[in-house]
Structures are given as structure tokens and as C-alpha cells.
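One chain, chain A, links the two complexes that follow: it is found with chain B in the first and with chain C in the second.
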Partner chain A sequence: MPLALDLPQLRLLTQALAFAAVVLGLNLVTGYSGVISLAHGSFMGLGAYTTAILVESHNMTYQTAIAAAVGVGAVAGTVVGLSALRLRGLAVAQVTLGVAVVFPILARRAESLTGGANGLRISYALEPPSWTGLDETQAHIWRYLVVLATLAAVLFVVGGVTNSRFGRALHAIRLHEGAATASGINVGAFKVGAFAAGAGIAALGGGLLMIDVRFVSPQSFEIFLSLTLIAALLIGGVASLPGSVIGGLVLVYLPKFAGDWAGPDATVLRPGVAFAAAMLLAVMVAQGGLHRAYGRLRDRTLASISRAPTTTDSVVSGPAGPLALPSKETHR
Partner chain B sequence: MELFLQRIFDGLSNGAVYAALALAVVLVHRTSRVLNLAQGEMAMFSTFIVYVLWAEAGLAPGVAIVLGVALAGFGGAAIFWVVVRPATRRSPLGLYVVPIALFIGLNSLAVGIWKGDPRTIASPFPSDLDDFMVVGGARLRFETIGVWMTLAVALGIVFWLLERTRLGLSLRAVASNPESSRFAGLFPERVAMVGWGLAAAIGCLAGVMAATTSLVQPNMMLGTAIYAFAAATLGGIDSPIGAVVGGVVVGLVTSVLAGYVKLLADLDLVTALLVMTLVLVLKPDGLFGRSAEVRV
Partner chain C sequence: MSHIDRKLRLLVVLVVLALVGAACARANDEPASSPPEEPGTESNEAEPDEQVEAEPDEPIELEPDEPIEVEPDNQPWTIDTSVCPSNWDPTTGLSDTEVKFGISAPQSGPLAVLNFLGAGIDAYFNYANAELGGVNGRDLVLIRKDDAYDPTRTVTNVSALVESDKVFGLVNVLGTPNNLAVWDDLNAQCIPHVFTGAGTPEWGDVENHPWTTGSFMSYTTETAMWTEYLQSQFPEGATVATIEFDNEFGESYANGFAEAIQGTNLEVVASAGHEGFAPNLQNQITTLAASNADVLLVMTTSTFCPETLQRVAEAAWEPLVIMSATCAAPQVTFFPIEPAGDGTLFVATQKTLVADSADEDVQFYFEKVAQYGEGIIPTVGIVSTGWEIGGALRMALLEADASEAGLNRVTLMQAIRSLDYQPPLNLDGVPFRLDGDVDAYLTESGVMRVYDVASRSYSDASDLYDYEGAEGTFTSGE
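And then the complex of A and B:
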């Protein structure tokens, strides 16, 4: 049980759940609707900064600050999404890469607001309310539960939405934009909607991270975060809810294990190299990420046991949009 | 006036580096349809190799650069053959994933091997404090002229290769239609490998030229790469001449704007990003590009 973990362990898990929310947001844009976003680290940073500024400088509670952060993230996502509207695949990658490079520069520049390169520390910590029976030394348990509950709620909502008309429209757009348009789907509106929602959820992840970390600086939201998020998405599983959670866990634990194993002075076996290798493997071998690799393995094992014809998690053949993926219904 | 001229010189020398890296991006995109977001990181890594050849193997700067550029060329070709080719074959996702993986991997590797501390590389050009001439009141450093000349010669060689040789003909054939070029007896993948190698070599030269006036460090090409993408976009992502013109224009515009618009001082990257986004939105094919018809 996670609650039995000691303080540093539980804090790490809390952070992993916050990152899982960001991967989920990215999944909505890149996984479900097939528009690549290399700027999700910046949306996360925007959420973290908004939360930190509102809590620290405007004495807001975490709840209101994070809610506001989601709004700010969604607005930023709409702006980037609108510019992505006129662009095709690779051009979107270019623009969002630019956003990711520029974001930390702007954060350093807006010193009066963000504390510049020194970052911003939140002095107020989220304490457990009295009805929980948790005392001050157990505050990290409460923070973990808050983050866990929020992530669960968001997963529930996104799960519902992706199964709704909206989600099916996104799926159609990913497979073939022209065909989606011909079926009466307003491709532009859906893309911008997915971008706004995805950026809002990423900002939520940034806000959730602040509950535990309570410190934000430009270094945490450099371009590499955005790129590693893509790696986490591919490793976990594209267009999959469990995949998003796995991605968040990978994002936090892979560097930790790589660091523990090879030491901080390692020359070659570094977290970045591990991410690069893992994402290439995810694309070349375990297409669809760990989540679907598990499903395929299970189906194959079952098939070899029963020798009966079964439906396997096969890959949709042919080029289907920039992010061709295993078909959707197979893992349900 | 002197100040304006000074900014023009600075802009031209940055612009030459952007042009070279943009040309590398264009070559890769033309031959393999991959937008190599990691072109800057590849250039950074090979600049470190030139640094090692010079500082640790003790070679003369000129020799180290030539050898480093050659090694970078082979490295780029090898990266295409070993990583890019199998990944893009297996999944259309590879087109996006490989550059990102290269980006994270190479940067992380460089930090691991050479740590974070910045290093300097000896300039192969006269670079003492008084090695300059005065043009219209502004200082034109010999170093700057050296960078222009080197990159101009390198770009000249590339254009000669593209326009006047059999190799260039096959590069252009594969770029315009991979399927038909196959019937003409060409192997698109081998040609793409040459494209990657050529691009990595030019990128290495761009990285070294950028490093002679600044520092060698793992993050040295992050900004330069964005300028180069803006340049390639401005010129048209498939047009070599467009990349060069775009590079010079982006260099000049950012340098002059940063000098005269207070708000944009040390925010040149934002200017480049805006230029890039505007071009992509208003004229997606760039100044020299041809529009691609999409067949449904």
C-alpha cells in the first residue's frame, strides 16, 4: 500500500502522479487527436508558475490557484492550438518546439512576477484538515491523497470524454483528416478544443506538482522536459489512459533508477540516453507502448494456450495520419 | 551609423551560421522527409569532437576541423542507416520520434561525457584583440571575415555538389519523387544516407564556426537551431537556396531588431519564433518553396 511508503518515497510517487496528469494532457493532443505538441512542458510550467504566484503573492488557497492555473493553461493552449490549425504535422512540431525553447527565457525575463532565474518558493504548505485525523507530520500523506484523487477524477472525465462523440471525432481526425471533414466533423474546432483541454490538464499537473514541491524555477521547464514528456507518452502508451499513468511513473522513476544504478557521474548511462533508447524501442518494438505491449503479450499467450482463433491487438495497416496507432477498441 | 554597420556585421556572421544549419535541415528534409529537430544537437556533438581533436589529441585547429567535419559526415550517415531508416520503416511515428530521441540522447550524452562546464575552441583565424579593420567606422574582425569565407566556400561546395554532379542529380531526383527514382535505378535510402551525411558535415562546420566566437557547451545550439528552423521555413523547407537566403535574413533581422527595439533586446529568439510562425501561417511554402499538392 502506497501509504506505507516512507516520506521521500511517497513524495516521489506524488510527483509521479502530477506528471501523469501532464502526460494525460499531452495524450489528449498528441495521442488521441494526433497533433504533435513539443510545448507541453511549457504548459506544465505555466500551471506551476500560475499556482505559485497566486498562492505566494496573492494569498489564494491551492484549490482556487490551481483552478485558475487550469484556465490560464487552457487559454495558452487555445492560442498555440489556433496557430497549429493552419499547419500540418511537422510545422506544428517546429512551432511548439520554439514555444518550449522560449518559455524558460520569458520566465527568466519576467523577474518581478516569477523571481527570474532564482525561481519562486511557496511558503504556505497544504495541511490536512482536522477531520482526516492526520497530524502535521503526516501532511505528505494528505498531499498524496489530494493529488491522487484529482488525477483519478481527471482520468475519469477524460475517459468519458474520449468515449463520447468528442473522442470519436478526435479518433477520426487522427486517422484521416479529409475523411473526418467529409463526415461533417469540424476538424479545426476539435483540434483547438483538444489543444485547449490538453494544455489545461498539463497546467493542472504543474499545479499539482506545486502542492508537493512548492518551488518553481525556469530550469525545471526547459525544452528537455517537453521532449521527455513525448518519450514518456510513447513508452507508456499512445491514446491510452493507463498508458498516461505509466508514462508519468516512467518519467519520474526511470531517471531515478538510472541515477541510482549508474551514479550521478555516469558518462553514457544517463537518464536522457535511457529515455532516448526507450522511446526508440517503444516505436520499433513495442508499438503502442508498455500498456499495449502487455495486452499483446497476454493475447498471444492466451492464444497459444487455447489454440483458438482470438482477436489480437493488431496494428492498423497503412499510413493513418501522422500518428498511426493500434486500433482503439482492442484494449477495451 | 557605425552602430548600425556593426549590427549588420554581427547579423551577417550569425546569419552565415544559421544559413549553414538551415541548409543541413533542408538537405535532410529533402532526401528523407524527416524534419530533423536534432540537427543542432548533432552539430553540437560534432563540435565537441572537433574540440577533443584539437585540445586532447593536439591537432592544429584547421586539421581538427577538417577531420571533425569528415567524422561528422560519416556519423550522420551512420545515424541514418542504423537508427532513422529502421525506425521510419517500421512506423510512421518514427518520422517524429527519431529526431526527438536523438535530441535528448545526444544532449544527455554530451553532458555526461564533457560535463556542463563550457570550453573554448581555438579560432583557426587571426583572433587577437587588434585583428580587425575599420569599415565605415565599425570594426570588422578578421575572425568574422574568416567565418564568412569558410561558410561561403562550404555552401559553394554543397551547391556545386547539388547542381553539377551525378550525386546531386540523384539527390534531387529522390527529393522530387522517391518512387520514380527507384525505377531509374536509384536507391532512395542510400541517397538519403548521403543527404544525412552531408547535412551532418555542414552542421559540424556551422557548430565550429559558432563556437570560435563563443563557447563549446551542451546547450550551445539550442537557440541557433530555432533560428535555423526559422530560416529554413522562411526560405521554404525544401529549397537549399531559400535556406541560405533565409539564414542571412533571419541573422540580419534579429540583430537589427534587437538593437533598435528596446523590448526585444535579448529576446531575439522570440522574434525568430514569431517570424517562423508568421511564415508558416501566412506562406507555408516559404519564399522559394513550391507548394505540394495533397492527393487524397
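And then the complex of A and C:
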């Protein structure tokens, strides 16, 4: 029961959920529609900055500020997504890479707005309303619940959308753009739509992070974040909602466990190597992400119990590769 | 499956390579960046108590408008505990057997080399526990957490250190934004947040953040020394070019220098910035060389220091070069680019840490680090800095323990705020001194030191610049 966790653990979990939203946003773009985005760390940063600036400098509530952050993120996503119209594959990735490079620089330069390199601290904390019965010392529980509820709502909406025509169209685009166009799908509009929604959700994640952390600086949104987001997406599971949540958990907990395992006196290499090893393992052993690896393990176990090895075989011999999507029947 | 999958798979490999690459770059850097200077203390053979009580000969000058007068012995500077939380306990983290501190610093990521600071503190703690009885029988414990220099993770780490590990205080948390992210909460919770590992001037804000103290020489002081040295070298005035790391570090230097040269005949005629992932600085240096300035100031760190010196050597430009003190690790900055870099200057506060040093304190330090700091390199400036911070902290703890109220969070802060000590590894005349709400900066004196390629050694290039007490405290309105 999460509420039994002590304060630091619950805060960590709250942050993991905020990152899960970002991975979900990335999943919409890279996982569902197959467009590689290296800019999602920046979209997250944009959301975090928008929230921090509106709450701190304009005395808005977190709710209003985060809603605005989603809007700002979606607009930014639309602009970046428009570039995906004319470009394909790695060329899009290159454009988003540019965004990831420029974002922290802009955040540093726009000092009057962002606090520059020193960052911006939000002095106002989100406190539980009186009807919750939570007191000041339990405010972190309220913050956790707010973030959890928001993430759940977004997962619900995205789950609905990806199972709709929109989602199937994205899936078709991902598999084969030409075939999708031939089937009458407006590939450009869908790509931009996915980018706008994905960036908006990533910005939401940034806003949610502010509820707990209440501090934003360019250092937190360097290009490395965008790269590790991709890693988390691959580890969690491409085009999978539970995979996005796993990705968020991985982003927050894996570096922590890697660091704990390596110990402070380890040669400086160890945490990085541990992280990289975990990622390679996920790619090699848990193809398609941990979420699907669990599915396969379950199928295999059930199969061996029922002595029907043929099911197992069909699963194992399925399409390989880190992003291979299992066929619908094994997935659901 | 589709070509996109193949690309993504390629991307995974690239990400992994990037991670490993960053880790390796770090490993190579190890002896690199010594962080901004300074602090130091430590209690080799000497009886710590005596040292603490040694009074400065000249009482610190007091600003006329300062209401509170501070004398080292009776500590009139007090901390207001009425604002502390109701469940606050001044002895949390303290038992009969140990006193527990926490540190959050990068142990992974591009700046992981800064982990050597914590390693230096840890080595000192081990030495003090084994040979000096810790703090009157209590062992010094340091819990180290990795934040990869990301303030978000610093917040989480500090929260865990305070709430789960129940530390007595935080020591030497690394990075300006990282400390800014936690200092309001720590001050509100009345938890010692001492010897922060950042050179920006904010840490002197005694009034609003009494529980926070700095350790490194502030970049303001460092650039003031550069200015004084340049004025002595160029009485007729000089043109100056600067290369800056485009983050809070480079920015602080640039702001400090701009302030220091006001009213002088030094003029900045060209500036260039670079990002942390810049592959080289060729463009920047070419641009700066075109100015043909008399002086080049290197406001960057780590591997960008040798890169700068190398590019300058390639250009037809021979400025006098002064670099950030964080560059002063010969293994990183000078050895790889020989014969470039001759005559480069920087501010130094510690004695020269070389294996054949004739200095007893330096030899003692080498011996003890070898014994208690497994795998760390004593000649790296940040290790000795960590070692001295560990010593200073123990010194203050002993003094607090000797006070009437005994050791607790309040007496520790009072002891730290009245610290006056000559660290053995520091140059003579470079004390470790704080003074209540009058002087909030630990290290404010040093010398200009110059590197000689032929002998691979340093020598002092100026007299001692003593700005002790000059910076006073931080006022956010400045």
C-alpha cells in the first residue's frame, strides 16, 4: 500500500508517476506512431518551467498552471511535429535533437523569466484541502494522490484514444507509412496530432513533477534526459500503457538502485555501467519491454502448466527486436 | 520488422554508448577538476580543541551598522530556533556512538569526478574515527548519495537523508542549483546545511539562511584576485578576452569579474561561451584570438581547460592566461597538451600537493589518504578539499561538544559560524574563518600560482592576497 510508505519513498513514487506521464507522451509519438522524438525531455522541461513561472511569479494555483503548461506543451509539440511532415525517420529525430540541445540554453539565457542557470524555486506548496482530513505533515500524501489521479485519468484517455480509429491509424503509420497513405489515412495530420498530444502529456508530466520537487533548473532538462526517456520507453514497453508506467518507475528507481548497488566509493564508472547493463538486458531479454516480457513469461508458465507447449513456441518465435509488437492476441 | 524498429534498435545502442562514453570520459577525468579551492582544516597531530580556541590576533573589523558583535569565545551570534518545526529535535542524528551526516553529489553523469570531494570527506572521517576517537568517542558517519548533478534528484536525496536516514546535518552538497533547490526547506526545518560545494556568493546569506554556510572560495573573491594581479602586471591597462562555460559556473565568474574591474583600466573586449557538450573550442578561441587581447580568462572547467590552452597555443596569439582554480590538476590540464600551457596562472589556497613535498603536513596527508581513502588520488585538489572540509567539520563538532549545552544542531551552527582555524594543507595566512553575521565566507585569501611546463611544477606568482572578511555577507539585493 503506497500510503504506508514513508515520506521520501512516497515522494520518489510521486516523481516516478510524473515521469510515467512523460514516458506516456513519448510513447504516443515514438511508440504508437513510430516517429523518434528526442525532444520529450524539453517538452517536460517546458511544462515544468511553465508551471513554476505561473505559480511562483503569477500566483496561479497549480491546477491552472499545469493546465496552461499542457497547452504550451501542445503548441510546442505542434510546431515540432510540423517538421515531421516533410521529414522522415532519423531526419525527424535530428530536428528533435536540435530542440533538446537548444532548450536548456534558452532556459539559461531567459534569466528574467526562468531564473537562469540558478533555476527557479516555487515557494508555495500544494497543501491538502481540509475535507481530506490530512494535516500539514501529510501533505505529501495529498500530492501523491493528485499526481496519481491525474496520471490515471490521462492513461484512461490515452487508452481510449489508442484503441480508437485514431490509435489504429497511428499503428498503421508506424508499420508502413505508404500503406497507411494508400488506405486513406492523412499521415501528416495524424503525426502532428500525435506530436501535439505527446508533447502536451510530457509537459503535464513536467508540471506534475513540480508539485513534488518545486524547483526547476536547466540542469534537470539537459539532452541526457531525452536519451534516458527513450531508454525508459524501451525498457518499459513500446506502445504499451503499463509499459509507460514501468518506464517512469525505471527512470526514477533504476539510477537510484544502480547508485546504491555501486556504492559511493565505487569507481565512478559503476552506476553508469549498471544503468547501461540494465538497458541492454531489457532490450535483449525483455524484447518489447518489461511489460511484454511479463506477458510472455505468464503465457509460458500457463502453457507449461497446461502442457500445451505450442502456444509458447508461437510466442517465442514471434517477431524479434526491441520494438517488435506482439500480435494482438498475445498482448491482450 | 519495419525499418523504424531497426533505427530504434540502433538508437538503443547509441544511447548505451553515450552512457558508457560519459562514464569513461569521467574516468579519464578523474584527476581533473579540483573544485574551486579552498577550505581546509584538519587536525593532524595537533589537539583540535586547542586549535579551535586559538584566537585570531586581530579581531575582525565590525561594520558599524552591525548590531551584533561577535567574539570567537562567547558566541553572541545566535540562531533563532523559535521558528523551527514543533517536532524538531536538535539532537536528531546524534547518539552516544555516532554523529551522522549526509551528502548528495554527482557519482554518475558527466560531472561524476566531483564524487572525489565526498571521498575526501569520507577518508578524513575514517582517519578521525580510527586515530582521533571521532568526536569524543562518537564516530563520524557520512551517508553519500548520487544525484548526477540533477537538482531534482538532490531534492529526493536530501529528503531521504533527512526523513529516513535521520542525519544530523548535510555537508558539502554539490552544485549551485542543487543547493538552492534544498536550502529553503533545510532552513525551515532547522537542519545544518554546511560547507555547501558551490562557489556562488549566495551561501553568505546569514540573515535569511542561518543554517547554510559555504565552503569554496566565492568566484567573486577569485575574480577580485585576478583583477588585482592584472592591475599589478598591466599598470597601463589591458584588454581582456574571456571564455565561459555556459552555465551558472561560468556566469558567476563573468559577473564577478565584471564587477571587480569597475573603475579599473581593464577592459573586456571579447567573450565566447560554450556548452557542456561542445566537441572542441576551436571556433571560440579563433574568435577570441582575433581580438588580440592582452589577457585570456578561462572561466570554464574540467577537460575544457586543456582544450582552451591547446587551441590558444595553435593560434598566433600569446595572451597572459588566467584560468579557474578548478582547472588546476596537472594530470588533466597540463600533461596531455605539453608543451602548451606554460605560464598559465590560477588562484591557489592550498600548498602544492606533490609526492616529494618537504612539507610535513602534506606528507602526513599523503600517508593518511593512502591508509584511509582506498582508491582515491591524494594529489587531486578536490580530494584534499574534501579532506579539509572533513577536518573543519570535526573541529566545529568538538567545539560544540565542549559548549555548555553540549553538541546539538544549534551549538554546531554557532561553532561553525565562529570557526577560525589555519588548515594544515592551506598556505600560511589562508585561514578558514567565519564570523557570525559579519563574515559569512570561509576562504577569502590566496595567491596567484603559475605553471612551468619544463619542470612540470607550480610556483607562486604573487604575494598573498588577503581579502579575509572583505566579502562580508550576501545581500540578495545586490
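Just so it is clear, the second predicted complex is superposed on the first by the 303 of 332 C-alpha atoms of A that agree within 3 Å, B and C clash if a C-alpha of one lies under 4 Å from a C-alpha of the other, contacts with A are read in each partner's own complex, and residues count from 1 in each chain.
One rule holds in what follows: a contact is a pair of C-beta atoms (placed from the backbone, for glycine too) under 8 Å apart; a residue touches a chain by one contact, two chains touch by 3 or more.
In this text the structure is predicted, and so the values were computed from the model without any measurement.
A.B. asks: A:I223 in the overlay: touching chain B, chain C, both, or neither? Say first, second, both or neither.
C.D. replies: After superposing on A, A:I223 lies in contact with both chain B and chain C.
A.B. asks: Touch test for A:A231: chain B only (first), chain C only (second), both, or neither?
C.D. replies: After superposing on A, A:A231 lies in contact with both chain B and chain C.
A.B. asks: Once the structures are superposed on A, label A:M279 by its partner contacts, choosing first (chain B), second (chain C), both or neither.
C.D. replies: Both partners.
A.B. asks: Between chain B (first) and chain C (second), which, if any, makes contact with A:I36: first, second, both or neither?
C.D. replies: Both: A:I36 reaches chain B and chain C.
A.B. asks: State whether A:P255 touches chain B only (first), chain C only (second), both chains, or neither.
C.D. replies: Second partner only, chain C.
A.B. asks: Would you sort A:G116 into first (chain B), second (chain C), both or neither based on which partner it touches?
C.D. replies: A:G116: touches chain C, not chain B.
A.B. asks: Does chain B (first) or chain C (second) touch A:L209, or do both, or does neither?
C.D. replies: After superposing on A, A:L209 lies in contact with chain C but is clear of chain B.
A.B. asks: Touching A:I105 in the superposition: chain B (first), chain C (second), both, neither?
C.D. replies: It touches chain B and chain C both.
A.B. asks: I want to verify the contact counts: of chain B and chain C, which reaches more residues of chain A?
C.D. replies: The partner with more contacted residues on chain A is C.
A.B. asks: Have a look at where A:L97 lands relative to chain B and chain C in the superposition and call it first, second, both or neither.
C.D. replies: first
A.B. asks: On chain A, which stretch or stretches are contacted by chain B in one complex as well as by chain C in the other?
C.D. replies: 36, 89-90, 93, 101, 105, 223-224, 227-228, 230-231, 234, 238, 266-268, 271-273, 275-276, 279-280, 283, 319, 322-324
A.B. asks: Touching residues of chain B toward chain A in the complex: what are they?
C.D. replies: Listed in rising order, the residues of chain B that touch chain A are 35, 37, 83, 86-87, 90-98, 100-105, 107-109, 111-113, 222-223, 226, 229-230, 233, 266-267, 269-270, 272-273, 276-277, 280-281, 284, 296.
A.B. asks: Enumerate the contact residues on chain A facing chain C in the complex.
C.D. replies: So the residues of chain A touching chain C come out as 6-9, 11-12, 15, 30, 34, 36, 89-90, 93, 101, 105, 108, 116-119, 121, 123, 137, 174-176, 209, 213-215, 217-220, 222-224, 227-228, 230-231, 234, 238, 255-256, 258-259, 262, 264-269, 271-273, 275-276, 279-280, 283, 319, 321-325.
A.B. asks: Show me the residue ranges of chain C that touch chain A in the complex, using the header's touch definition.
C.D. replies: Those residues of chain C that touch chain A are 1-9, 11-12, 15-16, 18-20, 22-24, 26-27, 30, 87, 107-109, 112-113, 115, 118-119, 122, 144-146, 148-153, 155-156, 159-160, 162-164, 175-178, 180-181, 184, 200, 202, 246-249, 251, 275-277, 374-375.
A.B. asks: Across the complex, what residues on chain A touch chain B?
C.D. replies: 36, 38, 83, 86-91, 93-95, 97-99, 101-102, 105-106, 109, 178, 223-224, 227-228, 230-231, 234, 238, 266-268, 270-273, 275-277, 279-280, 283-284, 287, 319-320, 322-324
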